[in-house]
Amino acid sequence: MIPRYSRPEMVAIWSPETKFRIWFEIEAHACDAMADLGVIPRENAEAVWKAKDVEFDVARIDEIEAVTKHDVIAFLTHLAEHVGSDEARFVHQGMTSSDVLDTCFNVQLVRASDILIDDMKALLAALKRRAYEHKDTVRIGRSHGIHAEPTTMGLTFARFYAEMDRNLNRLEKARYEIATGAISGAVGTFANIDPAVEEHVCKQLGLEPEPISTQVIPRDRHAAFFAALGVVASSIENIAIEIRHMQRTEVLEAEEFFSAGQKGSSAMPHKRNPVLSENLTGLARLVRMAVVPAMENVALWHERDISHSSVERNIGPDATITLDFALARLTGLVDKLVIYPDNMLANMHKFRGLVMSQRVLLALTQAGVSREDAYKLVQRNAMKVWEEGRDFKTELLADEDVLKALSAAQIEEKFDLGYHTKHVDTIFKRVFGE
Amino acid sequence: MIPRYSRPEMVAIWSPETKFRIWFEIEAHACDAMADLGVIPRENAEAVWKAKDVEFDVARIDEIEAVTKHDVIAFLTHLAEHVGSDEARFVHQGMTSSDVLDTCFNVQLVRASDILIDDMKALLAALKRRAYEHKDTVRIGRSHGIHAEPTTMGLTFARFYAEMDRNLNRLEKARYEIATGAISGAVGTFANIDPAVEEHVCKQLGLEPEPISTQVIPRDRHAAFFAALGVVASSIENIAIEIRHMQRTEVLEAEEFFSAGQKGSSAMPHKRNPVLSENLTGLARLVRMAVVPAMENVALWHERDISHSSVERNIGPDATITLDFALARLTGLVDKLVIYPDNMLANMHKFRGLVMSQRVLLALTQAGVSREDAYKLVQRNAMKVWEEGRDFKTELLADEDVLKALSAAQIEEKFDLGYHTKHVDTIFKRVFGE
Amino acid sequence: MIPRYSRPEMVAIWSPETKFRIWFEIEAHACDAMADLGVIPRENAEAVWKAKDVEFDVARIDEIEAVTKHDVIAFLTHLAEHVGSDEARFVHQGMTSSDVLDTCFNVQLVRASDILIDDMKALLAALKRRAYEHKDTVRIGRSHGIHAEPTTMGLTFARFYAEMDRNLNRLEKARYEIATGAISGAVGTFANIDPAVEEHVCKQLGLEPEPISTQVIPRDRHAAFFAALGVVASSIENIAIEIRHMQRTEVLEAEEFFSAGQKGSSAMPHKRNPVLSENLTGLARLVRMAVVPAMENVALWHERDISHSSVERNIGPDATITLDFALARLTGLVDKLVIYPDNMLANMHKFRGLVMSQRVLLALTQAGVSREDAYKLVQRNAMKVWEEGRDFKTELLADEDVLKALSAAQIEEKFDLGYHTKHVDTIFKRVFGE
Amino acid sequence: MIPRYSRPEMVAIWSPETKFRIWFEIEAHACDAMADLGVIPRENAEAVWKAKDVEFDVARIDEIEAVTKHDVIAFLTHLAEHVGSDEARFVHQGMTSSDVLDTCFNVQLVRASDILIDDMKALLAALKRRAYEHKDTVRIGRSHGIHAEPTTMGLTFARFYAEMDRNLNRLEKARYEIATGAISGAVGTFANIDPAVEEHVCKQLGLEPEPISTQVIPRDRHAAFFAALGVVASSIENIAIEIRHMQRTEVLEAEEFFSAGQKGSSAMPHKRNPVLSENLTGLARLVRMAVVPAMENVALWHERDISHSSVERNIGPDATITLDFALARLTGLVDKLVIYPDNMLANMHKFRGLVMSQRVLLALTQAGVSREDAYKLVQRNAMKVWEEGRDFKTELLADEDVLKALSAAQIEEKFDLGYHTKHVDTIFKRVFGE
C-alpha cells in the first residue's frame, strides 16, 4: 500500500484497530451463542460486552505478542485486562485462531467490497452523465489507431458505462464469494464447538456460514475475489488509455482537468500531461498483480498450511486500497474531463472527407457500377486528397464519371454524419434502458 | 495445445472446419434477417442455404487466403463457389470482418463452456460418490502437514465437492459473460446494417446481442472468462496436491489407480508414482497462464486494435482444451482412487495417542486443575510417548495425579473418535443438501 | 504454438524427428563412453551408430508407446529394430529416462537460443542502419504523449538498438543458463553410471555437465531462461508501441511498409493499419505468459516430481517459436518502415513554436528578468499562440518587453534546432561505439 | 511492504530520508560538474555542500509539496532554506526531475542489491556448512514423492548450494543491469546540460552513465532486475518445500528449530509446525508477483510516460524488502534446522529393503537370468514384503531360485549403501570446488 494512492475509509478497514474490533465482535458473539447453548455461563458472555466501547490498545497488544509470539492469544490476554481474567475465562473456548482470523479477513473483504461497489456506482453516474452530455458529439471512430467511420463521444462514454456496469456485477459477485465465516475448530469438524455458534456469529456479522471449512475458509473464494478485482482494474486501464490517446498533442480531443492556478499551465499551454490516466494505468498493473498469487494460494496442504497468510497480509489491503483509490480517481477524471468537440471535428476532417470513401464505393456499386470500376473511381479521387490535400467531396462532385452514376445530391448525402449516428438512441436504450 | 493433453470433442470446436461452419451460419442468418428487412432479395438469402450441408474445403480456403491475405474474404469467395457468385453477392453486405470473427469466437467459447460444465458435473458426481463411500473413514486431519485432530476421508471429498460446486457456478457465470454476439459494423454504430440483423443472428446462435460494441466485443468479458478458468484450474491443483500427499511413500493413504497389467507394479510395488495428479499440477499452471494476457487484452486502443487477436488464437483453444482434459483426468482419478483406510488409522496412531493431548489438557482444566498443572501433567506423559514410544492413554491411566482429576472412564472417553465425527452428518447436509 | 506465427527452422527443433535424433545421439555417445570405461563391449557401442543416418519412424514409435506407455522405452525398442536386439542390449544401461529427456530438452533450448541470438543480431543490424539513416531527422520528443523538446528519429532507433543489444546479452546469458546436460541416474548419485559418461555425452553435445542433478536438471535454470525471453518480448512490445503511435492517423510520422499491390491501399489511402506492430504487441504477451509457470516449476518435490513436464511441453516450443517469429517480423518491420520526415516537422510545429517556450523562459531568466516576470512574458505570448493560432517567435519578436531583455538574434537562436541535436554524435558514439 | 516481514537496513534504503539524501548528492555533484565546466560559479557549487550533514526535514518537504504539487521542486525549495536562496539558485539548472528520480531509484536498487548479495553469501555459507556436516547422512531419494534410491542429506544441501550460487550470480547480474544513472534532460538529448555532468554524477555515485536515455532510464533494465528476484524467490520456495516435506509428521526427517522455551512444544511434541518455511513459500509468491508488472512497464509511450512510476513505488521497496527478509529467514532456518538421521534410516527401511529391488533385478539379469524370469523372481519376493511386511533381503536369501543366480554375498552386496554414495565426493568437488 502506497500512502499517496490510498483513501482513509478503505485504509481504516485494514487498521489494527478495526481488526481487533472485529475480533472482539467474533469472540463476544460466540460467547453469546455458547451461553444460549448452555455451554458457558450467561454472565460470562455478558461480561465480555463490557469491552464493547473499548478502543483496544494496539501498542499494548503488540507488547504482549512480543512475549506470547501469538497474535490471537495476545489479543485475548488484553481483552481479559478489560473484562477481568475470571469473567473472560470462557472466551474463545473450543475455538481455534483461524476461526477468528479467517472470519475477520472476510469481514474486512466484505466491507472493502461495499466501498468498491459504492465507488463503482459513483463512476457509473459520472459516465452516464457524460454520455448523455456528449450523445451527439461526433468524432471519428478509430480502428488500429487509424480513422475509420464517425461515431460519437457519447457512445464512447456509453461503452465504458456498459463495461463498468458489468464490473459492478462482478464486484457484487466477488463480495458474495467471500461473504462467509467459519467457527469450526482445528480441522473443521466442530469437535469442540457447536455449529450453532458459527451460525450465530456469522448472522451477526452479515456472513453466511462456510458450508465446509478445514480450520481455514477455502481459498478458491479469495482467488475468485482477487480475479474480479483484476478484471475491474483492466477496465480502468481501458478508459485510461482512451483518455491518454485523446489528450496526446496531435489528437487533443480531451484533456484531464487542469485547475486555473496549476503552475506552468499557461506559459506552456500545450504541456498538460495526462498524468492521472497514466497513473491509473500503473495502478491497474498493481491491482492485477494480486491475481496470480491469490490463485497460487488455493492449493494448501491437507487441512491447511499457512503459506497463503503472508500473501494475503499484502494483497488484502493493497489490492482493495489501490482499486478504491483508482476508481475514485477515475470518477473525478471522467467527471471533469474537458472535451473539445471542435478538435474532434477537425481531426475527423484531417483527410478531407476520405473517411467517407468506403460509403461512396458502396454507393457506386449499388448504383450499378462494377466493383472494379467503382474502385477506380474512388481511387483516383482519393489519391488527389491524399497527395494534394484536396477535398474529397469537391473532387467527386467534379468527376464526370462519378456523376454518371450518382447525382450531386446523392454524393452530398454520403457525407451526411446523420447516417452514422442514426442508431445512437437505439444503443443508448440498450445500455441505459431508457 | 498439446495433443497428449487434449480430447477430441473440445479440439473439434477449435478446428477450421467448425470455424467455417459457424461463419457460414452467421452469414446465412444475417442474409435471412436482411431479407426480412427487405434490404436484400429473399431468393438470395435462400440461395445461401444451399451450402448448408457443405463441408467447406479448408485447403481451398487457405489457397484463396494466400492470394487475398484476408481470411474472411477467402471464406466468402469459397462460399460463392458453392452458392454461385451472383446468388452470393449480398452475403456479408454492410458487415465487417469482426462481426463474423468475434461472434464466432464467442460461439466457440460458449460451446467450450458447455463441455466444461458437463465435465464439472461428472467430477461432482464422482466426488459425491466417494464422499459418501468414505463418510466415516477416519483419518488424521493435518495443519501445516502436522497431525492435528481426526477428521474423515468423506469430509475431504465433501470439501472438494463444495469447492467444485462453486466452480460449476463460476463456469456458468463465465459462459454467461461471453455469450454475446455483435453485428454492428466498422465502429459499432450500425451505420451500414440494421440492429435487427444482429438480433436475429444472435438469437439463432443462442447468444445475446452485445449492448454496445465497437467493431469488437469488449474484452473485459473474455478477461472474466479466462479468470474463471484460472480459478477452476487452481482448485484442480488443490485436489491434485492432496492426492500427491496421500500417495507419498510415508503416508500411503491413497494411490492413483494402477491397472493390474501395468508393468513394474509388482516387482517394485512401492514405486507407484502419482503421475496423473502431478500432471494435473502442471496443467493447472498452463490454464492459469492465460489469465494475465487475457486481462492485458482489455485495454484496446480506441474502437479496437488487433493486439488481442494473436493472444486469443492461442489461449482460446489452449486454455479450454487443457482444462477439459484436466477435468476429465481428475474425474477418472477421483473415481478410481484407491483408498487405504487401514493406513489412515496407522498414520493417525503413529505417535500413539498424542493427537489427543489437547483434549486431555482441556479435560484436566475443566476438571478444576489449574492450567499450569494440567500442562505439566500432559507434558510428562507426552514426553514418554515422544521419546520412548510409549502409548499415551496407557501412560495417563497409570499416572496417579491424572487419575485424581479424571476417572479411567473419562480418560478413555477422550480417545473416542466419535467425538470428532459427530458433526459429519451436519456438514454433509450443508454440502449435499440431503 | 500457432502455425501462422511460426517459422520452419525453429519449429523443426521441436519436431518429434529432432527429438528422437537427439535421443539417439545421447544414447550412442553414452555407449561410446561406457565402452571406453570397459563397462560394455566396444562392438555393441559401435553397432548403435548403424542407426546414425536412420530417420526414425515417429508413427512406429507412437505405436510402440501405445503399448508400453513409456516414450523412452518405445524409442529404445524402435532403435533395437534398426540396430538389432542383441547389439542394442546395452543401450541406456544404468541410465534413467530423465537423463535422456532433460539433456535433450536443454539441447533443444540451446539450439533455439542460437536461432534467437541470430534473430537478434539481424534486428540490431536493421536498427543500426535505420538509426544512421535518420540520425539527423528531427522530430518532436514526447513525454506523456505531449510534445516536449526536439529529438531525432535516429535517436529513437538508437535507443531501440541499445535496448536490444542488452537483450542480445540477456539471450546469451539465457543460453548459458540452460546449456547443461545430466546423465546421473535415478536420484542423481551416479550409482549405476559413471560420471565420465555424462562428461563425454555433454562434451559431444556442446553442453556442460550439470554439477549436481537429481534425476532432473534443476529448474531455476529454466525459470531464468524463460524470464529472459519475457524481457526480450517486453522490449519488442516497446518498439511496437512506438510504431503504432507513429502510424496513428493524427501523427503519421511512419507507416508499416504496404506493398503497392495490397488491396484497399489507394481507395482508402488513410486506412493503412499497423497490424504487424499490433500483432507484435499480442505476441509479446504470449511469450511473457511463460515466465510465471516456469518460475512455479522450480519448487519440485524432493529429488523430482513431474509437474513441470506438461508445462514445458507447452512453453518450450511455444515461447521460443513465438519469440523467433516476433523478432523476425520486427526486423522486417524496422527494415522497411516508411518514415515521413515532413510530417515530423509539421507535427513539431503544430503549436507554432510553443515547444520552445521553456527555452525562452530560461533565456529571459538568464538575461536577468525575475522568474516571475519572465513567466508572465512567456505566458502572454504563449496564450496568443494557443488561443489564436499565432506564431510564437513572431509574437516574441513583437513584444517590446521581451525585446528589452533579449535581442532579436537571441530570440531567433532559441528556435534553432541545432541546439537540441548537438549531442547526437556523442550519444551515437556511446551506443554504437563508433 | 509488511512490517513483520522486513528488516531495518533494507527498509532504510527506501525511507524518505535516504531518498532526499541521494537527491541532495545528485544535485550537489551536478553543481560541482557544472562549476568544472564553468557553467555556474564555483562558489555556488561549494555552497550547496553546506547541506552535507543536514538531516532533511521530511515533514517540511511534504508541507511544501502540498503547495507546489511537485516533489522535486519541494525538495529544492527546502534545500534552498538550508543553503540560502541566492547560493542555491543554480541547483538543478538544465536538469529535469527524472534525472534526479531515475538516478536515485537506481542508486536505491544498487544498494538493495548489495544487501541481497550479502544475504545470499550468508545463505551459501550456511548451506555449505550443513552440506559437509551431512555429507554422509544417508536418506532415501524420492521421485514423485515415492522412495527411489538412497542419497545423502549432504547432497540435498549441496544442490541447494549450487542453485543459490547460480542465484548469487543472477543477483550480481541484476545489480549490473540497473547500475546506471542519467542526467540528460527533458528528452535525453543533453540540450540543456552537458554529458560531462552525467558522467561526473554517475562516477561519484558508483553508477555507469546510461548510454542513451529519454528523460527516463529504459525499463527493460528494471524488468530484468525484478525477473532475477523472481527466480531467486522461486529457489527459496524450492528449499522451503523440501523442509516442509521433511517436517511433515509421517516423514519427520528434519524440523525447524524450536527453542526449548517455546510454549506447547512438550505437551504436544508432535505439533511443531514448519511455519517459517510455509511463510517463505508465501513470501516467494509476493516477490514473484513483481515480475509481470515490471515487464509491463517496459513499453512506455514515446520518450516516456509515467505509468511505471506507481508500479515502482510499490515493487521497488516491496520486492527487495521481502526478498531480503526471506533470504535472512531462510539462512537462519538452514543454519539451525534440526536433522534426524535415525528417522531418515527408518523411513528408508519402511518397506524393508524394497528400494533395492531394482538393483537385484539388474543383478539377476547380469547374472544371465532372462529379464522375464528375473522379474518374476523379484516380484514374488517383493510381494511378500509389500503384503506381509517381511524383509526383502531375508526373503531373497531364502529363495532357492535366486540363489542359483546370485551368491549370498552377492545378494548382501546389493544392499550396501556405499554403492549409492560412492560419488558423493565427486559431486561435492563439482559443487564446492574442493
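Read from first to last, the chains carry the letters A, B, C and D; within each, the first residue is number 1.
Note that in this section a residue touches a chain if its C-beta (ideal position, glycine included) is under 8 Å from a C-beta of that chain, and two chains touch if they have at least 3 such contacts.
Since we're looking at a predicted model, the values are computed, not measured.
S.K.: Please determine the option from B-D, A-B or C-D whose contacts repeat those of A-C, over half of the contact pairs being identical by residue number.
M.R.: Duplicate interface of A-C: B-D.
S.K.: Going by the touch criterion at the top, tell me which pair is linked by more C-beta contacts: B-C or B-D.
M.R.: Between B-C and B-D, the larger count of C-beta pairs in contact belongs to B-D.
S.K.: Quick check: how many Å separate the C-alpha centres of subunit A and subunit B?
M.R.: 25
S.K.: In whole angstrom, what separates the CA-based centres of subunit B and subunit D?
M.R.: Result: the chain centres lie 33 Å from each other.
S.K.: When you check subunit A against every other chain, which residues touch at least two of them?
M.R.: Each of 142-145, 148, 244-245, 273, 275, 278, 281, 288, 292, 296, 301, 305-306, 358 in subunit A touches at least two other chains.
S.K.: Which residues of subunit B touch subunit C in their complex?
M.R.: Per the touch definition, subunit B meets subunit C at residues 2, 4-5, 68-69, 244, 262-263, 273, 275, 278-279, 281-283, 285-286, 288-290, 292-293, 296-297, 301, 305-311, 313-314, 318.
S.K.: Hey, which residues of subunit C end up touching subunit A in the complex?
M.R.: Against subunit A, subunit C makes touches at 140, 142-148, 244-245, 247-251, 266-275, 278, 292, 296, 347, 350-351, 354-355, 357-358, 361, 375, 378-379, 382-383, 385-386.
S.K.: Give the list of subunit D residues in touch with subunit C in this complex.
M.R.: Contacts found on subunit D: 141-145, 148-151, 155, 158-159, 162-163, 166-167, 170, 173, 177, 185-192, 195, 209, 211-215, 218, 220-221, 223-224, 227-228, 230-231, 233-235, 237-238, 240-242, 245, 281, 284, 288, 291-292, 295-296, 298-306, 358, 362, 419-424, 426-427, 430-431.
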